[in-house]
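Below is one structure, written out as structure tokens, with a few remarks after it.
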Amino acid sequence: MNPRGRYAVVGVGNTAYGKLAGRSAMSLSVEAVRNALADAGLRPADVDAVLTKAPTSNFTMLWSAQVAQAVGIVPQVTATLDQAGASNIGLVGYAMWCIETGQCHTAVIVYGDNPATGSRATYARPRGEGAAYGMFGVPPWYALIAQRHMHEYGTTSEQLGAVAVACRKHAAMNPGAQFQSPITLEDHHASRFVAEPLRLLDCCPISDGAAAIVVTSAERASGMRKPPVYVLGIGQGHPAWDVPYRSTLTTSGAATSGPMAFRMAGITPADVDVAQLYDCFTIVPIVTLEDYGFCAKGEGGAFVEQGRIALGGALPLNTSGGLLGETGMPGMQLIVEGVRQMRGECGGRQVPDARICVVSGQGGVMTTHATLVLGKEVP
Amino acid sequence: MATDVTERPAPDVDEENAGYWDSLRRHELALQRCADCGRFWSPAGSFCRWCLSDRWSWERVSGRGTLYAFTVVHQVYHPAFREAAPYPAAVVELEEGPRLLATVDCAPRELRVGMALEVGYRDLPEGFTLLAFRPVTGGTR
Amino acid sequence: MNPRGRYAVVGVGNTAYGKLAGRSAMSLSVEAVRNALADAGLRPADVDAVLTKAPTSNFTMLWSAQVAQAVGIVPQVTATLDQAGASNIGLVGYAMWCIETGQCHTAVIVYGDNPATGSRATYARPRGEGAAYGMFGVPPWYALIAQRHMHEYGTTSEQLGAVAVACRKHAAMNPGAQFQSPITLEDHHASRFVAEPLRLLDCCPISDGAAAIVVTSAERASGMRKPPVYVLGIGQGHPAWDVPYRSTLTTSGAATSGPMAFRMAGITPADVDVAQLYDCFTIVPIVTLEDYGFCAKGEGGAFVEQGRIALGGALPLNTSGGLLGETGMPGMQLIVEGVRQMRGECGGRQVPDARICVVSGQGGVMTTHATLVLGKEVP
Amino acid sequence: MATDVTERPAPDVDEENAGYWDSLRRHELALQRCADCGRFWSPAGSFCRWCLSDRWSWERVSGRGTLYAFTVVHQVYHPAFREAAPYPAAVVELEEGPRLLATVDCAPRELRVGMALEVGYRDLPEGFTLLAFRPVTGGTR
């Protein structure tokens, strides 16, 4: 069956982003749920599913049940899904399955964490073979991918920089973003190396914060407080293997995840008005644009140049600033921005007449990938 | 065991990969090879990566390979790496197929994807041995 | 949509159970996958989804991706679902969703862990408010539930014992079970208290081992090596809140999960020939039988007496021995046994003419619940 | 901080529940109460369990309640409980509605679901205070 247009996002909410000392992952999560429910015009009792990605810095069992308790919901459905940064989109799919088969009717999906001011142990685990060779956290692993992409396709550091510049430009137009100052290609070039070829400005920050969305059936969605934003397509594809052992480092799960979602939605990349592509590192949206078919393989570097992905360009990318500019949270903010763009709520950073938005999620070190196609209407 | 914070973190040695780390200690790089399908695999595991057979043995490999990917790490994530930074970290593809995480004994600016490498070892004071491949002069495969 | 009969289990496999010193959770998981694929007559390349519940004793991120790598599968879909002991059934549902929407075609679902000989830290966490009051691990929490059930309904320790006796009887008929000796009600009564009213023989062991199943569409299933066992219904319901704060301790998620699955399957409890009900503690199947409607609320204790749940009784329960007798693994073995009963492969413990089997999964401290209805055919 | 293995494990005190544990230390049991819907809740959290309001304050409760559920723990899971075992652990339902984890100061055989209890405290050498309810003589609610 094709679930195209049968489900909708009816509420989005988030907390402040950045360094939020003294706020627990749970407290942030509850605040995001509260805000998403208020946006949807719903009370906790109107929701019967609580779905989560577990906090990266506090990967505990039955997290979703704990969140359900904290928001006062006795859920029919609750689950934590681990596909790393692809989990949020994965959970949209899980909500659709549960609603489609009558297991629940309205789901809230939430992610919250406080790695900036809490424990960030998870982000630089000092153990194991990688650590013995000096590979800590994720940046050196993404550096291997970036380096291979440069080797295979001639991608340049300036092209990576173009992604950072666009995201920071958009963040500066978003009052809720963690970074309020734009940067130039020169700033990017002047920033120190973290792991060659990646510079500091190629890397997203580690941030505190939470965001949540409410998903229900298209029938229930009509007549709610805000206009529904429809799920037109969803897909996933996961290279899964650790970076050294993968058959290719430069083609990601987007190569199957994207076409799957586009096919379900009945669209091609040419139909996309605005994109929110996971950008934990600048190389990732470049690879994703190629794998989604916005350009030929290897031409992602050229694609992001000359303002093409900035507001006003052919494909505005990460209009809230993305991970690089809005906040380093692993992806829920991209869905939230996608919904706001479809509603036309984005003020100075609104893409005019935007009707279709693609959102990507990915996690690990391009280990997982998920794609979501959102629509202002069901075309 | 108390660890000095300036000690390099140790690999997690377990039932599956002990044969690999032991082979490095002996300076005789060995990988698991399947008796059913004949293939080598990495990282270590109790069953053949390719056909799930449990009939395999540790077998020494040629030690010849090429540089598949690399980075030069500048950020000091751990005090044990303060003096070494910036240091190279690499993925090496062996002639036999499997890829391995390793370091390369050469100046970072000499690293090139595809350069020919031969196996070398670095015995660390922490009591384990790492792979430190060496460039084969003039070689590119 | 009603997915009844559209999906089937086509392979099952497991390792030895018990104390398996020197075997990692990963090694056990790979062995179970190998055995399940062999049972299905499939090679790794025939599978495009790898789904897991993370090992309880080693709750690491992206476990499913690690398993995919270890079995040599580059999956289209991979995910770890956390609904504690309800996850295995939850993953059957996730596989159905992914197949139904064309995201994958054949999934292997696997659970493996080695808490008996590896680290069992997770099983008796020495921190937090519970530990300060002497509530370690899970038995004292289940004791609260058992005690309330006795208070509200007059359930007796002898009735709890009847569950243990039946499971151990069946285990003794299963050469693969961890416990090969049957027990009597007197043995149960003579066993020491762990946490009143629960005695040692009310508690399942902590065990090493792994089990896996292969799920695909009914179309693909026909013509495979073994006859397909159909998924007729699936459901879930999760009390979610911590034991002290739940509105009731004596009604579980089975009260909504069961009817959901039975409705999907188009059956009533009277149609069930054999049941594999999660039995980490003897009180749990008693509550589940009530909540599923096999008897009135509060009459579960009487229901399990007089051999009714033993082989040859009206409703043979946990024919492989369950958690109490076969192995303490959190639930996958129950699905495996359900499939074997539907295939008629169970030899001396086979329920004659069994055509419908209900399987339950639950986790935490009756925090989650899932139900699976399996059928020899689609009635 | 090094801990003696015979020390009783401490509760995890954090931003959300510090007000609760402080109130026990003062022997003045307090819970959060919502300024919007008027309800108390437990366990602690930054937002009202019932309406998600962030307008609330710590408020002292009556300390009167009933025994909702109990167990008597025989197994020694931790050396700090070796001498106490078998010991009771309980869930107490307060007059105000919320339930709390607690111990009860009475012989295990006297425990009855529904028995009336009043709040008491047990100051531990480890530096924190636990709830230890006391039976109200002759009382059942």
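Labels A, B, C and D are assigned to the chains in the order they are written; within every chain, residues are numbered from 1.
Methods note: a contact is a pair of C-beta atoms (placed from the backbone, for glycine too) under 8 Å apart; a residue touches a chain by one contact, two chains touch by 3 or more.
A quick note: this is a predicted structure, and the numbers were derived from the prediction, not measured.
Novice: If each step moves to a chain the current one touches, what is the fewest number of steps from chain A to chain D?
Specialist: So the least number of steps between the two chains is 1.
Novice: Count the C-beta pairs in contact for C-D and for B-C, then report the pair with the higher count.
Specialist: Answer to which pair has more contacts is C-D.
Novice: Hey, how far is the Cα centre of chain A from the one of chain B, in Å?
Specialist: One centre to the other, that is 34 Å.
Novice: What's the distance between the Cα centroids of chain B and chain D, rounded to whole Å?
Specialist: Their C-alpha centroids are separated by 54 Å.
Novice: Approximately how many whole Å separate the CA-defined centres of chain B and chain C?
Specialist: Distance between chain centres: 41 Å.
Novice: Which residues belonging to chain A are in contact with no fewer than two other chains?
Specialist: Within chain A, residues 69, 242, 245 contact more than one other chain.
Novice: Enumerate the residues of chain D that touch no fewer than two other chains.
Specialist: Correct list: empty.
Novice: Spell out the residues on chain C that touch chain A in their complex, using ranges where they run on.
Specialist: Interface residues on chain C, with respect to chain A: 1-3, 50, 54, 56, 59-65, 68-69, 73-84, 90, 93-94, 96-98, 100-103, 122, 234-242, 245, 247, 256, 260, 264, 363-364, 367-368.
Novice: Going by the contact rule at the top, pick out the chain C residues touching chain B in the complex.
Specialist: Per the stated touch rule, the residues are 22-24, 26-27, 30-31, 33-34, 37, 43-44, 69-72.
Novice: Give the list of chain B residues in touch with chain C in this complex.
Specialist: 14-16, 45-52, 54
Novice: Once bound in the complex, which stretches of chain A touch chain B?
Specialist: Going through chain A, the ones touching chain B are 124, 126-137, 139-140, 143-145, 147-148, 151, 192-198, 242-245, 249.
Novice: So in the complex, the part of chain D that touches chain C is made up of which residues?
Specialist: 8-12, 42-43, 68-75, 77-78, 81, 84, 86-87, 89, 91, 98-103, 108, 113, 128, 130
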